[in-house]
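Each of the next two complexes has chain A plus one more chain, namely chain B in the first and chain C in the second.
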Partner chain A sequence: MSTTLQPYLKAVRQTLTAAICLENFSSQVVERHNKPEVEVRTSKELLLTPVTISRNEKEKVLIEGSINSLRISIAIKQADEIEKILCHKFMRFMMMRAENFIVLRRKPVEGYDISFLITNFHTEQMYKHKVVDFIIHFMEEIDKEMSEMKLAVNSRARISAEEFLKRF
Partner chain B sequence: MILLEINNRIIEDSLTLKFNNAAAGNKPEAIDVTIADFDGVLYHLSNPGGDKTKVQVSISLKFYKDLQEHGADQLIKREYGSFLTTPESGYNVSIVFDLDHLPANRDEVIKKAGLLKRNCFASVFEKYFEFQQREENSQKRAVIHYREDETMYVEAKKDRVTVIFSTVFKDDDDIVIGKVFMQEFKEGRRQFQQAPQVLFSHKEPPMELQNTNAKVGDNIGYITFVLFPRHTSPAARDNTINLIHTLRDYLHYHIKCSKAYIHSRMRAKTSDFLKVLNRARPEPKNVEKKTFSGKTFKMN
Partner chain C sequence: MPDAHSFGVDPITCYSWNKDQTQLALSVNNNEVQIQNFANGKWSLKNTLTDHTQRVTGIDWASKSNRIVTCAADRNAYVWVQESGKWSPTLVVLGITRAATCVKWSPMENKFAVGSGNRCVAVCSYDKENNWWTSKKIKKPIRSTVTCLDWHPNNYLIACGSTDFKARVYSAYIKEVDEKPAPSNWGTTNNFANLMGEFSSEAGGWVHGISFSASGNHLAWVAHDSSICVVDANHGLKLTIVKTEYLPFMDVIWINESSIIVAGYGCVPMRFNYKDSLTFVGKLDDADSKQQPGKVSAMAQFKAMDSRAATDVETTLNSTHQNTIVQLSVFAGGKERCTKLSSVGTDGQIVIWDIK
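Then we have the complex of A and B:
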């Protein structure tokens, strides 16, 4: 199972590096406005073909590009109830702090757990290869964090049950 | 700490302070403290009638009527006999200590005072344990509404005593975490043969409560403890009561701890991510440069 992780991340990295070529583009529809075209989606000629990279049915990444912005949506592996609520809590926690995170979107795209929005302004202020590094690092760490939290809950349950029952 | 304490520390500490004060011969001071405990129980430490030489400890339990049906009064009399007095208004039981005539076994008395709540509960269990020891079936089931929406049922059969707790999970996430905990409790018998059997039913009441009007709902769970003769025997009785009566609080305490732990982990991870993201920003270059003719200027 983990043998698919490295090729998966490599594919995501390469697609991101290609898609993150963004340039400034003022809105064609409204004067003096500058909007991320991937969000607005009014002019079809400005949008690139969306690409989905799937590791399996549950884990996938959707990359939608446009001329001045890039949207990345990630669906995280949630095998059981407790992973579902942990994922849900964690994503909500981060999305509430989206302002600090700059590239994070406040709401995930339908069907996914978390979304990032990168605009040309971000790429002007930050190194592109480092932003891609961050996204890949994020994807790796999330899985690790979720399994650790699940382990923590399970071990707490086991220890408290043990302590309680051994006293009878 | 993993297990909850069954005695009330605040009462014990306050009384110890007062008793030591009196024993040292100092002038007693006034005391008026209201303390809250689990399950909506209130204690009140005061000087009855303004008399500073007497300290009164009163306890109020919303469900005391339910407990009285099962002999709580007799048990309280048995435990606190000489210290009992008429209950303060608004409270169910009051015991009073005379600082001028301190009892000989001070520490023991203080410990007993700290166990007021536990002793109120104990009567129900003792009655049903008696039934089981005599190998009788209890005719009626004991129903104690010890919390707003939560009830405890006790029933005795010839070879076992069944204690059922109904508990409400206010939050949806609590249900999932609660299930994980109950799964571990259920499997406890594999490791500890002496442990009672634990069953958990989510949403619906268990078989034993089928025809009663027990609550049904998405966020309601029923925890059943089956206590065997080795738990209800006179030797093990007190220990069993100590452990069982705070079960619901124990479970919810640990659920809350898990949530708090998860929260602190999320916080740490988020700041971790922020650090990595900030690496993507180039460092501001503040270079001082000099021209050929000697003028210096700062580059930004």
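Then we have the complex of A and C:
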């Protein structure tokens, strides 16, 4: 199973490196506006074809590009109920603090667990290759974090049940 | 060795040299235009022009008449004339309702053209009777924002690239200010806004930069599908396309009749030769021959691991520009025999390259 991880991340990295080529673009629909075109979606010619990279049915990444912004949505592997709950809570925790993450979107795109929105303003301030490194690192670490949390939940449940039942 | 100068951390949006490269007009991603003096490799700020209310998107300095034209996202353009050290603006009535994206003086400097998000190119000329600059618009059949434009050396033809994936050549002949146009091998016409040719690179991508060669017989442009296209007017508007494996290019410029320099998201300018087909010659930035940053010290690595949990300390790129190159400009030698080239990027640097 883990033999698919490296090619999967490599494909995501190369797609991101190409899609993160963004430039400042004033809106051609509303005067004096400058909005991320991937969110506004009014001019079809400014949007790139969305690309989905799937590792398997459950894990995939959707990359939607445009002339001045890029949206990356990740679907995280959730094998059972506990993982679903943990994932939902973890993602919600991060999305509520989206301002501190700068590139995080407050709501995930339909069908995915978490979304990032990178605009030309971010690529002007930050190194593009480091932003891509961050996203890839995030994808690698998220699975590890989820398994750790699941183990922690299970061991806490066992310890507290033991302590409780000692009384009987 | 490329000569690099930094203007801070903000990206340089646009720039233009004066006639003898002693002064530079540039904008660092805001609504101001800075006029900097360049003497003996040192910079000193001379003036700041603050009439625009939004980000300045295009600057062009007319070398012969010493006037500057600037355009911004606030839908305005100003023509600046220097009187006793101060620059005074004249507002240009463009009549566009979206941001202006690029501006260029015509070779004879009696007209200038402004591209805009309004899906049109506004060609402006001076109306002596009313003492102001008026504009005429080229609209058909541009279907999206005009991103770049360049004048043909004959002062009549104009090429523009747009986000509708096409590069077009139009006639910008204005009978009030121009002489009768001489026939050119792009076609002959006496009508303003006549479309001389419309080109696209097959699937196409947003056109980022466009340039006529010094003779005007070749037109090159670069698009977001990482392609470089050249149209040859000497051979019946023959179109040559090369799809490169690099990241898309943002600007292209002719350095002589058979060579172009392209630069863009790859942060490194590259040279291509054109002789019936485009061939890659080399990169101007020799990243390998540059001194290696040296083995990172163990101390630095442990420090990074402790403070940021980072396993590697290498963040800077191996090239002179640390971020996208946005605009290329001839520094010495003209388009016929360019010996030095200047480039600016979103890393706030201006670099002067030697062309061998």
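Keep this in mind: the second predicted complex is superposed on the first by the 159 of 168 C-alpha atoms of A that agree within 3 Å, B and C clash if a C-alpha of one lies under 4 Å from a C-alpha of the other, contacts with A are read in each partner's own complex, and residues count from 1 in each chain.
The rule is simple: a contact is a pair of C-beta atoms (placed from the backbone, for glycine too) under 8 Å apart; a residue touches a chain by one contact, two chains touch by 3 or more.
Because the structure is predicted, anything quoted here is derived from the model rather than measured.
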item: Partner chain in contact with A:Glu81 - chain B first, chain C second, else both or neither; value: first
item: Touched partner set for A:Ile102, first chain B, second chain C, both or neither; value: first
item: First, second, both or neither for A:Asn154, with chain B first and chain C second; value: first
item: Residue contacts on chain A - larger count, chain B or chain C; value: B
item: First, second, both or neither for A:Cys21, with chain B first and chain C second; value: second
item: Which of chain B and chain C A:Lys130 touches, first, second, both or neither; value: both
item: Touching partner for A:Phe90 - first (chain B), second (chain C), both, neither; value: first
item: First, second, both or neither for A:Ser43, with chain B first and chain C second; value: second
item: Chain B versus chain C as contact partner of A:Ile67, first or second or both or neither; value: second
item: Partner chain(s) touched by A:Lys166 [first = chain B, second = chain C, both, neither]; value: first
item: On chain A, positions contacted by chain B and by chain C; value: 125, 127, 130
item: Of chain A, residues touching chain B in the complex; value: 81-82, 84-86, 89-90, 93-94, 97, 100-103, 125-127, 130-131, 133-134, 137-138, 141, 145, 148-149, 152-154, 156-168
item: For the chain B and chain A complex, residues of the former touching the latter; value: 2-3, 172-173, 176-177, 179-181, 183-185, 187-189, 191-192, 194-196, 198, 231, 236, 239-240, 243, 247, 250, 254, 257-258, 261-263, 265-267, 269-270, 272-274, 276-277, 279-282
item: Residue ranges of chain A touching chain C (in the complex, touch as defined); value: 17-18, 21, 23-28, 31-32, 34, 43, 45-46, 67, 123-125, 127-130
item: Contact set on chain C toward chain A in their complex; value: 9-11, 13, 29, 54-55, 57, 73-75, 97-99, 101, 117-119, 143-145, 163-165, 206, 208, 224, 247-248, 250, 264-265, 315-317, 322-324, 346
